[in-house]
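One structure is given below, represented as structure tokens, and several questions about it will come after.
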Amino acid sequence: MSTDRTHDVGVARLDVDREARTGTPEVVYAEGKTAAQTVACLAGLLDAGAPLAWATRVPAGTVAAVRERWPDAHVDEAARVVWVGTVAPPVGEVLVLTAGTSDDAVAAEVAATLAASGVGCRRVDDVGVAGVHRVLAVAPDLARADAVVVVAGMDGALPSVVAGLTDRLVVAVPTSVGYGAAFEGLAALLTMLTSCAPGVLVVNIDNGFGAGVAAARIVRSAQR
Amino acid sequence: MSTDRTHDVGVARLDVDREARTGTPEVVYAEGKTAAQTVACLAGLLDAGAPLAWATRVPAGTVAAVRERWPDAHVDEAARVVWVGTVAPPVGEVLVLTAGTSDDAVAAEVAATLAASGVGCRRVDDVGVAGVHRVLAVAPDLARADAVVVVAGMDGALPSVVAGLTDRLVVAVPTSVGYGAAFEGLAALLTMLTSCAPGVLVVNIDNGFGAGVAAARIVRSAQR
Amino acid sequence: MSTDRTHDVGVARLDVDREARTGTPEVVYAEGKTAAQTVACLAGLLDAGAPLAWATRVPAGTVAAVRERWPDAHVDEAARVVWVGTVAPPVGEVLVLTAGTSDDAVAAEVAATLAASGVGCRRVDDVGVAGVHRVLAVAPDLARADAVVVVAGMDGALPSVVAGLTDRLVVAVPTSVGYGAAFEGLAALLTMLTSCAPGVLVVNIDNGFGAGVAAARIVRSAQR
Amino acid sequence: MSTDRTHDVGVARLDVDREARTGTPEVVYAEGKTAAQTVACLAGLLDAGAPLAWATRVPAGTVAAVRERWPDAHVDEAARVVWVGTVAPPVGEVLVLTAGTSDDAVAAEVAATLAASGVGCRRVDDVGVAGVHRVLAVAPDLARADAVVVVAGMDGALPSVVAGLTDRLVVAVPTSVGYGAAFEGLAALLTMLTSCAPGVLVVNIDNGFGAGVAAARIVRSAQR
Amino acid sequence: MSTDRTHDVGVARLDVDREARTGTPEVVYAEGKTAAQTVACLAGLLDAGAPLAWATRVPAGTVAAVRERWPDAHVDEAARVVWVGTVAPPVGEVLVLTAGTSDDAVAAEVAATLAASGVGCRRVDDVGVAGVHRVLAVAPDLARADAVVVVAGMDGALPSVVAGLTDRLVVAVPTSVGYGAAFEGLAALLTMLTSCAPGVLVVNIDNGFGAGVAAARIVRSAQR
Amino acid sequence: MSTDRTHDVGVARLDVDREARTGTPEVVYAEGKTAAQTVACLAGLLDAGAPLAWATRVPAGTVAAVRERWPDAHVDEAARVVWVGTVAPPVGEVLVLTAGTSDDAVAAEVAATLAASGVGCRRVDDVGVAGVHRVLAVAPDLARADAVVVVAGMDGALPSVVAGLTDRLVVAVPTSVGYGAAFEGLAALLTMLTSCAPGVLVVNIDNGFGAGVAAARIVRSAQR
Amino acid sequence: MSTDRTHDVGVARLDVDREARTGTPEVVYAEGKTAAQTVACLAGLLDAGAPLAWATRVPAGTVAAVRERWPDAHVDEAARVVWVGTVAPPVGEVLVLTAGTSDDAVAAEVAATLAASGVGCRRVDDVGVAGVHRVLAVAPDLARADAVVVVAGMDGALPSVVAGLTDRLVVAVPTSVGYGAAFEGLAALLTMLTSCAPGVLVVNIDNGFGAGVAAARIVRSAQR
Amino acid sequence: MSTDRTHDVGVARLDVDREARTGTPEVVYAEGKTAAQTVACLAGLLDAGAPLAWATRVPAGTVAAVRERWPDAHVDEAARVVWVGTVAPPVGEVLVLTAGTSDDAVAAEVAATLAASGVGCRRVDDVGVAGVHRVLAVAPDLARADAVVVVAGMDGALPSVVAGLTDRLVVAVPTSVGYGAAFEGLAALLTMLTSCAPGVLVVNIDNGFGAGVAAARIVRSAQR
């Protein structure tokens, strides 16, 4: 069977076989789309037989439109994620760490992505390196995780310390938290790319979705 | 037993328990070190009981010094990697793709890192997206790999296409190949970070070592 | 006859012979102008004998003022383009591709520019490289086009793949779609400038107007 | 017949049908390749039946190796281009302008690319805007060209002036000529991308090859 | 008599002898100051005996406060400049050119600065290089000016052309007009700094005040 | 006694022993936190026994919430700092200089930080280098200070001049005051980092808090 | 008489009437030109009747070739300037200040440019702001100069201080002296563009030639 | 007595009273100076009565010239520092930490600066955060130091961890160690500026001299 079908819903050309090819369905990026466009995309995915249709970076107005169309839609406001349909029960466990409370929105997007992907998630927040004993205290969590996602803004130093403490793959997410020379996440991004600890892999600034998809693949790869 | 010992060899404070903690031993970064410093570090690691001592980005002069001290040292000139000691037999298979022939040195560093880590490697070179049928032709290789490393300079577009074809984790390595607006790898780095395909994780420009370590962790995670 | 006349309308010094010199009339860039200034410029062009007076990046308030002055003005809201007067019937065909639905506003500006220039346009949207079979499916459209305009944000990888499939000139338009390391279109711009496929020519970020003018020149050049 | 064959010559996976698909054969980018690799690529292309095999950015050492293997190879030292085989007689005419004498190497690459592509070329050099009468003096040349390539470093202002004088497509090539705030071509690149004259299309800094390929496509498109 | 007195008005330490030292009085930069702070500074300067007290970048709210305190204050809304007191009759003439209508606000600040400095000003607007005959037409104006100020955004190419036509000093003001790769005036700034025509001197982006002060000094220097 | 305790207040993992380790307690960064989160953090610190709980960059809404919970909270609106509890009487004296009135908010944050740290502060404002006699006039203040903090935006030149006049440590704070090539504080930051006078130490743009903490440490170090 | 003649010398299209139009002859920029090209350009200018032919940024090899052709050529090695022909006796006086000894090469280019332009020059070196009394000591020199050129690298702070002490126009030349965050002159360039003292005009990094031409125009303007 | 004398040695205007004003004498920056210029500056300082004359960033050729002139000159090759004269016996102790062996040259410059300043120094090298137990092990050293200097390249994460462990002032020195996204020290610089731990003060990339001068001031301040 071909895995190359597309489904034209007027506003988009849905890649309905993406899940078969890549393990992740086409997910609607709602930023810059009207509420009507996002609803049409979600409906198109469900029409094409997807068990779960899903959108990220959903503006408040679009959340309302989704709820009106599908009253039982799942909405995660902190993460700005919505989904319609059934989520698989979670397998495995990804440990999600944040450096500070301000990184919460991005970590929430990681967690929602893992949930929608049917992968387990354990969050430990506010373990920045200015109090490094807080990082050392997560050693037991590291030991039982299948993969680690580290979310940090400002100096972005946390992934380097974590990657020196574990043999798990560390997915680093720079956030736009900070001001001045943080340059909206650029400082944290460069820190993570130049980490003195190998085994750190980096996604785009604030890209909790991408980190979640990657971590889910690691878990599934371990289950294969 | 503690995993926090250090071993002072005069020129460095070797982190001899790093392998126990992270699965990867301390590896000597030879760029900017004298030949004598690199030799001292390698000797220190062997003295501390490591079965394999290993250096990356080794300048030509240092290669000679290593060979003089350890005549049976393994030297990979394309990758600028040397090691002394015994490599474990490979498990699993990582697929390493390059966009063009000029990306060879970085891909060689990925391959040498995998070899030293005891992980199998299969390389397919020169499959850039300007002839996209060459990418499509690697589908069978993708299907049997445990992880994929994609090495590309210039526009850095290859990881996006590959990640749309597979459910394996894609580790993307931007290279400094190109000129002008390539800005010594910056263009490829930004392309990979903003990939429209999720599941792409990025390392530093020309960082074949980091990509190899990460891919090895994925393979080992799948074997755990 | 001289092609160097100017027409002073108080707020501007209109280059009324630009169409005779360059094939494209002076077009009013309405961003940063008041509604009154834009109306005065359009009126000045019509007064000077232009069959069609035209503005781009028109704010909502200016649209209203134009409609009040010329009730039968043509308004393309998606493209933020307005024109007054008669458009020539289209000749030739330019294929306009977008990587995603969010690139629509820029593609609409390309299409409106082609229409105002009397050149035919065919749009195929949402053919991003994460589902590369969607790109391959446009081969018949490529074969019959006189020129191709490719509009893409985020990683900006689409023009490289398209240019490897066709002997038509590819005009690449980076868009400001994306976040973080997309740096408001910079990532896509650098990707397109460093494309591994020759035959890709680039315009400014979000510059659908410039891409449309260039594509129209290619079509007219082929008709000369 | 498929246009998707590749030809593996050990050091590269040659895209031997690229000319059939795109009108331009695979051309060897010799920078960063050893002389042996470039020779192997050229030989592979000829073996696969190409009438002309061609390389750009050829280092001096590689020129010698090419001459040794093919004594009648064509070598253009100013352009750093070599080719082996037969060039088609030129059709059409592309006008190539430079802002200053220092832009010569890039203009030479444009001219060599046109010659290898079987397209005519007329060069007029050193017509920078600091003496704008020199630009005005090329009006007759503009009128009879099929396309215009403008090569300029430093302030990169020439394409804006030229594009205001002609209805031909203007392909702008920023060069790395200059110092300080020229930032190795960045200033000229930004100038050209933000040109106040529409109809200017831009290639990478110093990319004479890409400009030549694009201009050849315009000429061929006009001949179709 | 010392020229180093300061005058403390609570919110600021006014440099009341600056005019004696530099020919230009301390001028209040009202952006980022409250209306009360700006009023206090202006009052302080008048109290200290200045014949004219003057502010730039004045927000709308501050304009109202100034008018309430000094009903006969001079307000130039286009330039966002206010002054209280008596302006000297103009001497000499500075020619102020703009590339486009959108550069008007910055040119207005140049003109207001010249007026407050007692220097004559002649403006010719909208003479961008895309219609270079418009630039050539200002030759008579150039010949009789004491100095030239050129205001341009986007590609910032106008000063290079003007400086090739005159022996007057050309003060170039890049503006933040444009989008995308204009990077809020950076493109125009780099163009002007790397101008191929000598005799171009550059001020900060949108700094009409600095250009006006400098041009006034040139005129006064010629009168000395 | 351990200095590594944390105190989990639901929204954060407070580092309650930070003062014992570093001399500075954990201070709440209120930007990007809700009013409820900031109040919870302050309450948590007080519950854990801190004599003083303190927040910086406090939005107006959060100020109201703090006042409602602790009617006698200290609020410094210019500095956007609030605290609850008892401040120690000041020891020593830090001299805080500003280049202009617009730098006031950052200098206020320095002063509030010193106050909360129990360190004395003397401010002298508006002594920018355009009237360098104003800088020379602070010599007596320099001579009696324990440390100097210099706050400056735009060209950021003040710390270089001050550091040439004193043997005190100069902590330089670049501010985002300015426009155009000031690039929101980047120009001042680079100026300070490249100061031709040694003894200048730099903090992040607008980081009055960090400068205050550092200056307090210098004073305390002198008292040790 | 037309001022638009060009003189084609094979390697260049000399703008022989530039001096008549702009007061400055076409000057040969020798960097990136071969010795033969520079000699040909100088000869062409002399053939066309120029009393003085002149080149800047002359490499050592070209100096030798110039001396061979014209044994009495004037060579200024510090400035990398050569000229052939007769220089007019100097009128007026430009004061050239440097911040440090390392700025000497650029200041020498300013001085040579003034000499070739027939304008007087007085240099005072090494008056950086870290010892601000050295700047104050030049007050008498400032008072008798027609214009001031300030050459500074690293923090580039000197022009701001000087411009606060004089009513002369200050031409600021950033140099590439420094390391790290000096970014090869970028820090000094931004400092000068954002100077808190009005009346500072800026040229490109290391552009002593442009500063000299501008200062000469100011002197001549004062003599007109 | 005045502290504003200068001493003109032909090649420089020595600020001979700088030590009296600032506690640090004028130190010769030898990079970009000829050997003769550096020798002349050192001799000039000694002639003016300085007990110690001192140069940094001394090229190899200049070292030889210094040794020829003063056979008993002190030369520190790792630090590229030379001095002539008598160093005061050390007071206090500064702890200098490095993240890796490659940071040695910069740390050596810190140490040499402290020695020349008469301040004690204790170095602990190679304590990067990838093995964070190595950082924790320096706690006793931190407790007895008067100030801490932390030298780190690549991710520059070490100062954040150290500043969370001590109440001493932390002077952070980013180094240019690393490749790719390290951008020659920019990544480490931004990390340090945005440190999540307050009390971190930053100097220019590779500026061991500035860090040493600052640390010496802290020690002296504590001794005052």
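Each chain gets a letter, A, B, C, D, E, F, G and H, in the order it is written, and its residues are counted from 1.
The definition used in the following text is that a residue touches a chain if its C-beta (ideal position, glycine included) is under 8 Å from a C-beta of that chain, and two chains touch if they have at least 3 such contacts.
No experiment lies behind these values; they were computed from the predicted model shown.
The minimum number of touch steps separating subunit C from subunit H is 2.
Shared contact partners of subunit G and subunit H, listed by label, are F. Comparing the CA-atom centres of all chains against that of subunit E, the greatest distance is found for B. Rounded to a multiple of 5, the C-alpha superposition of subunit A onto subunit F involves a rotation of 90 degrees.
A repeat of the G-H interface exists among A-F, D-E or C-D; more than half of the contact pairs are identical by residue number at A-F.
Separation between the centroids of subunit D and subunit F, computed from CA atoms only, is 57 Å.
Look at where the CA atoms of subunit B average out and do the same for subunit H: the two points lie 35 Å apart.
Rounded to whole angstrom, the centroid-to-centroid distance between subunit C and subunit F, based on C-alpha atoms, equals 50 Å.
Computed centre separation for the pair subunit B/subunit F is 44 angstrom, with centres defined by C-alpha atoms.
Among the residues of subunit F, those in touch with two or more other chains are 18, 100, 130-131, 163-165, 180-182, 189, 193-194, 197, 204. Chains touching one another, given as pairs, are A-B, A-C, A-F, A-H, B-C, B-D, B-H, C-D, C-E, D-E, D-G, E-F, E-G, F-G, F-H, G-H. Residues of subunit H touching subunit A in their complex: 99-100, 128-132, 135-136, 154-157, 160-161, 163-165, 178, 180-183, 186-197.
Here subunit D touches subunit C in the complex through residues 18, 21-24, 27, 146-147, 163-169, 171, 189, 193-194, 197-205, 209-210, 213-214, 217-218, 220-222, 224, going by the rule given at the top. Across the interface of their complex, subunit E is touched by residues 4, 6, 11-13, 15, 18, 26, 29, 31-33, 37, 41, 174, 176, 184-185, 189, 204-207 of subunit C. Against subunit G, the residues of subunit D that register as touching in their complex are 100-102, 125-127, 130-131, 133-134, 137, 177, 179-182.
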